[in-house]
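Multiple structures are listed underneath, in structure tokens.
Paired with chain B in one complex and with chain C in the other, chain A is shared by the two complexes that follow.
Now for the complex of A and B:
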């Protein structure tokens, strides 16, 4: 009886060990990416398209045989822009074996940063999250990968400088949503205003930005040479409409990255001809990457959403995020071999040099020091039908941007 | 002082305030008949905007037909809300009914964009962007149309409460038990008030949707609407009108001068202060009825 009991116990132990090992074995089968979004609250204007682009690109990679035999799996869930829910999703996906995370929500990403640093998994923060996360030494596992809001503001001003024969004496209005995101570029703008001798005035409107009439009456009276608009979703539409209503020339309006084809249609395609925006990825379908997705994913009926969205700006941003992350995975697998871990992926990301996507995005170089990827962006202009580039890919005033980033990162280190 | 700037802030504040009144109207209509402050009115405005957009954009039907269908749809939605949600709450504390409307608000805010798409959508009423310029004061054409719409709807609501049905609704608001005793169907009356509030939401959703696009942020109009009903008096249609004007003007003029000094964000502060001061010093608002209870 005793012997039987002992055998039973050993059997149970083996069974338990096998069960415990199962997730780890499963984790080796596919490389899991936790691609979480706010599908239901604040970031709804971008979440669907961005997520679709991410998932379609991973499907494309899988359809093409994976990378070094490794297939990728997207874990997609809604965090509703709530940090608590984001942390819950993070923990769950960690248990499921995810090694790359992206939340496309600044409050959620900021809440996850300490955990990602501690757990040594990669947190992608393209176009959201902490601006100072570009400082790789302080944030070794956080990767903004694309031009931060600081770099975007700098790029827009450089465009004005290059096309208008300098910034000296110009009047620049920064019309922004009254949130940390809207105020984020102000330190860079203020420093550049001092350096370049232009006049800067900030105009804030309350969130969510559905009513801005009083602000724009004031902007009109200020008579700015250029207006930066810094909002997202429908507040951008309201900004452009109010600017036009107040007689501001659309070609003098310069937008943060969050202005898309859908916004222009909502404003009125012909109403906003001339509006400019900064962009970090080429929109549209006229690119081999997007053509491959259409050919191998949508023709096979494996698209993650409506085919009509393919090529939209936010869709392509989602694709670009995965292009960079999978490039990091490829380099990591080549150097270290499977199974891929957070530490290996981090090292792979930091090996990316001049990633050439044939113009889909600027060349990306990520180093242990620079997690922004170089900070290049370009300016494009709405012609009534599409966004047309009016500048080359370039990084601007990175000395000022890095000074701000390092100062902010130093505060983070001190607070730890 | 730039008086033209002040005039422009004032005029645009008036029209913006009346646009808020359009949202607040539904809250007052329901309160007048059932004594329930409806916290789902913002989400009902959002739902209405989505309905009009869906008929125009997905079915390619004309705007007038879309509005008519939305009116019918939202009236039925109001009736259904009373029948399936509120009727079950008879005898429950009012606070639980308020929580129910809050739950409905949260549900609609998640469900409707999830079903019909969360990205902002265009709702074009054909109102041009060019402002009406009077003595160098720019008047927003779309807001002016919205303000006129608000006045028409408030006037219609005032007339409605003078009709036989409206009188019944007022009686129900005064005393449910006494209304039952004289043969008034309280459930039907409350259902109708929710239905009419749904109709008012179509007005607000259409006008605001054309100004800012249709998405979840339409539901955020609840906050200024709450300020309007608290200031004007939650059971007063005149209060909806005057409260809207005051909230709109103060929310335009004060931030117009303060924001450049403090760096922005004062409009929500103005609205909040209005709510707090009104509740502290005149809890029934400017035109609300002061109920005196014997203890």
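Now for the complex of A and C:
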């Protein structure tokens, strides 16, 4: 009995090893995108919706006949936020011919950056990865594509400046998770605090941020005019709850992109009416692109997940990521023709000028110098049911952002 | 049969004291060594750089943790922090212009000194309390790295491994990275195998079994506990440097978080406490099984044999992985090394199972 068990175990091991070793024997007829996520560890709050949006948009493109006859294929895998697994996926997908990669995990993306630069394949890093990757000269194959965290922080301050008639003398608290991500906007905030002479104080709560009460009583004593909350996933919900409990007016809370309708429903729809967040893509279903997805993908039963998620904030971010990447692919195919390679796709991405998505995103312009796409964002407010925009798409204090990005990128090229 | 003993006569003391007295073991080791040495010739780039290379580095790190946990019996739940200190020290030293060979040793020294500092807790506390002390090290080191931009490398907390050469070979070359990691793993293996039979190793074992009794027979627990932490952290730091230069090539604090520490402890325990071959098996199991499982299951799903939601698809490998850990530990609580040992013992006398071993 024991022996057969052992034999069975060994057999099973060999079977899995053989499966893993079997290379995907498919001809290179589709454009392959490696869209990897952390479905199981840290980024679970965003991975499912984001990935569903990406896959649905690619399905939509394929249903509509592809681009110039080229169909798209998404390779979707879980890397569990572990760099070594991400690198394995990256190299495996590269052997299968993938030319565009996205990991939605900062540690994994950062480990891939030097390799992508060497292998000349496009690495999309929207809302994660190195913020200084917007400097196209230093990072020719890395595309943040959407407003970086620096631009987001700048956009929020610009909103305060515009609505309050200036930032002078204001007290602004930056309440953040104590990780590199939470600290990231600090250099920009500090520089702006000097320039615009407002008072800035940073409050850090320990990761993962499920317990923040000590920090928020400090924040209350500080009596800030505005509070920036900089976390992700559950810690954002805790921040909003604690802020409200400490008597901070919800309309004075300004959040990074990571705050959704689901989070607000979990907090209590009417608990924090008035909370503001920065957004880089329009949420909701009220848009032609989302309507096309519902029409052609979900009616045909080809959706990549539950239909209820369509139109959620992170779902739309996933769609937007693919809108930009496929636009780059289209321009590249128009100019260079198939088959698409990493170099062609990179050149195509850099040809995007004022990409018009009818308000789904701000107009995106990517150049060989600017890989951030212009850095435009807007502020929206929770009205108890949905996020309502309270400002226009605009880029803010890009001079400060670029100065910081160039300084940081210079350090990277030194190390190379 | 395979490990034939008949006809093997040791006529000199040196023969019996060899690392592998049985010829079959020696042949097996030689074959494995040659296979690994020639791996770039027969293994594709993908498997060389993403399976074999990290496996060797993690095995080396597990071996240095085995020295502490398996041989000296001191628990350490902050070992990723030790590796982080090594990785960051090596990168900063190379950036300051120190040649890699010296920076490599420097990384070990820095890690050893800081590791020793926290290891000093072991002089007073044992067991679970020592776990707490080493956990504190993990969190303190994490905190310092994240909060000191000069260490972490600025706002993005990503530090690129600079261009470096080791004995005229540049790390930009994949082969250099592989062979450096390979020889490092070989060195660690020989080091541990030999340490176990030196007076130092025996002193550590004495401390592990009962530190009070050890001090009665003249083994100073103060000295040997600190030495255990020093040497283990020294090599752990160096393994961290190898990891930074040969595999990640850019370090971020997340790569050395608490979850990595638990993985390292799992490698030691699943492999078999105190065993050299166990370090290799444990590292392979903890590091490679999740990759192989999730690729296998994704392949099944792509082939249409398995239709489940994307979310379940991502979690299925985790469930199987968990079940495998429980299964292996139920089948053999002493770890994978013991499973190998059982098989070896079986073949040692096969087909005369009834005979004395």
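Rule of thumb we're sticking to: the second predicted complex is superposed on the first by the 388 of 416 C-alpha atoms of A that agree within 3 Å, B and C clash if a C-alpha of one lies under 4 Å from a C-alpha of the other, contacts with A are read in each partner's own complex, and residues count from 1 in each chain.
Heads up, the rule we're going with is that a residue touches a chain if its C-beta (ideal position, glycine included) is under 8 Å from a C-beta of that chain, and two chains touch if they have at least 3 such contacts.
The structure displayed is predicted, hence computed values, not measured ones.
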{"item": "Which superposed partner A:95 touches (first chain B, second chain C, both, neither)", "value": "second"}
{"item": "Which of chain B and chain C A:391 touches, first, second, both or neither", "value": "neither"}
{"item": "Touched partner set for A:381, first chain B, second chain C, both or neither", "value": "neither"}
{"item": "Chain B versus chain C as contact partner of A:39, first or second or both or neither", "value": "both"}
{"item": "Which superposed partner A:54 touches (first chain B, second chain C, both, neither)", "value": "neither"}
{"item": "Touched partner set for A:255, first chain B, second chain C, both or neither", "value": "neither"}
{"item": "Winner by number of chain A residues touched, once chain B and chain C are compared", "value": "C"}
{"item": "First (chain B), second (chain C), both or neither touched by A:341", "value": "neither"}
{"item": "Chain B versus chain C as contact partner of A:152, first or second or both or neither", "value": "neither"}
{"item": "Which superposed partner A:178 touches (first chain B, second chain C, both, neither)", "value": "both"}
{"item": "Touching both chain B and chain C, residues of chain A", "value": "39-41, 48, 178"}
{"item": "Contacting residues of chain B [partner chain A, same complex]", "value": "2, 5, 8-9, 12-13, 16, 109-110, 113-114, 117-122, 124, 129-131, 138, 140, 143, 208, 211-213, 215-218, 220-221, 251-253, 255-256, 259-260, 263-265, 267-268"}
{"item": "Interfacial residue positions of chain A with respect to chain B in the complex", "value": "39-41, 44-49, 178, 201-206, 208-211, 213-215, 217-218, 220-221, 233-234, 237-238, 241, 244-246, 262-263, 265-266, 268, 271"}
{"item": "In the complex with chain A, residue positions of chain C that touch it", "value": "44-46, 49-51, 54, 95, 143, 146-147, 152-163, 247-250, 252-255, 259, 287, 290-296, 298-300, 302, 309-311, 313-315, 317-318, 327, 331"}
{"item": "Of chain A, residues touching chain C in the complex", "value": "5-6, 9, 16-17, 19-20, 22, 24, 37, 39-41, 48, 51-52, 76-78, 80-81, 83-85, 87-88, 91-92, 95, 106-107, 110-111, 113-115, 130-132, 178-180, 183-184, 186-187, 304-305, 404, 408, 411-412, 415-416"}
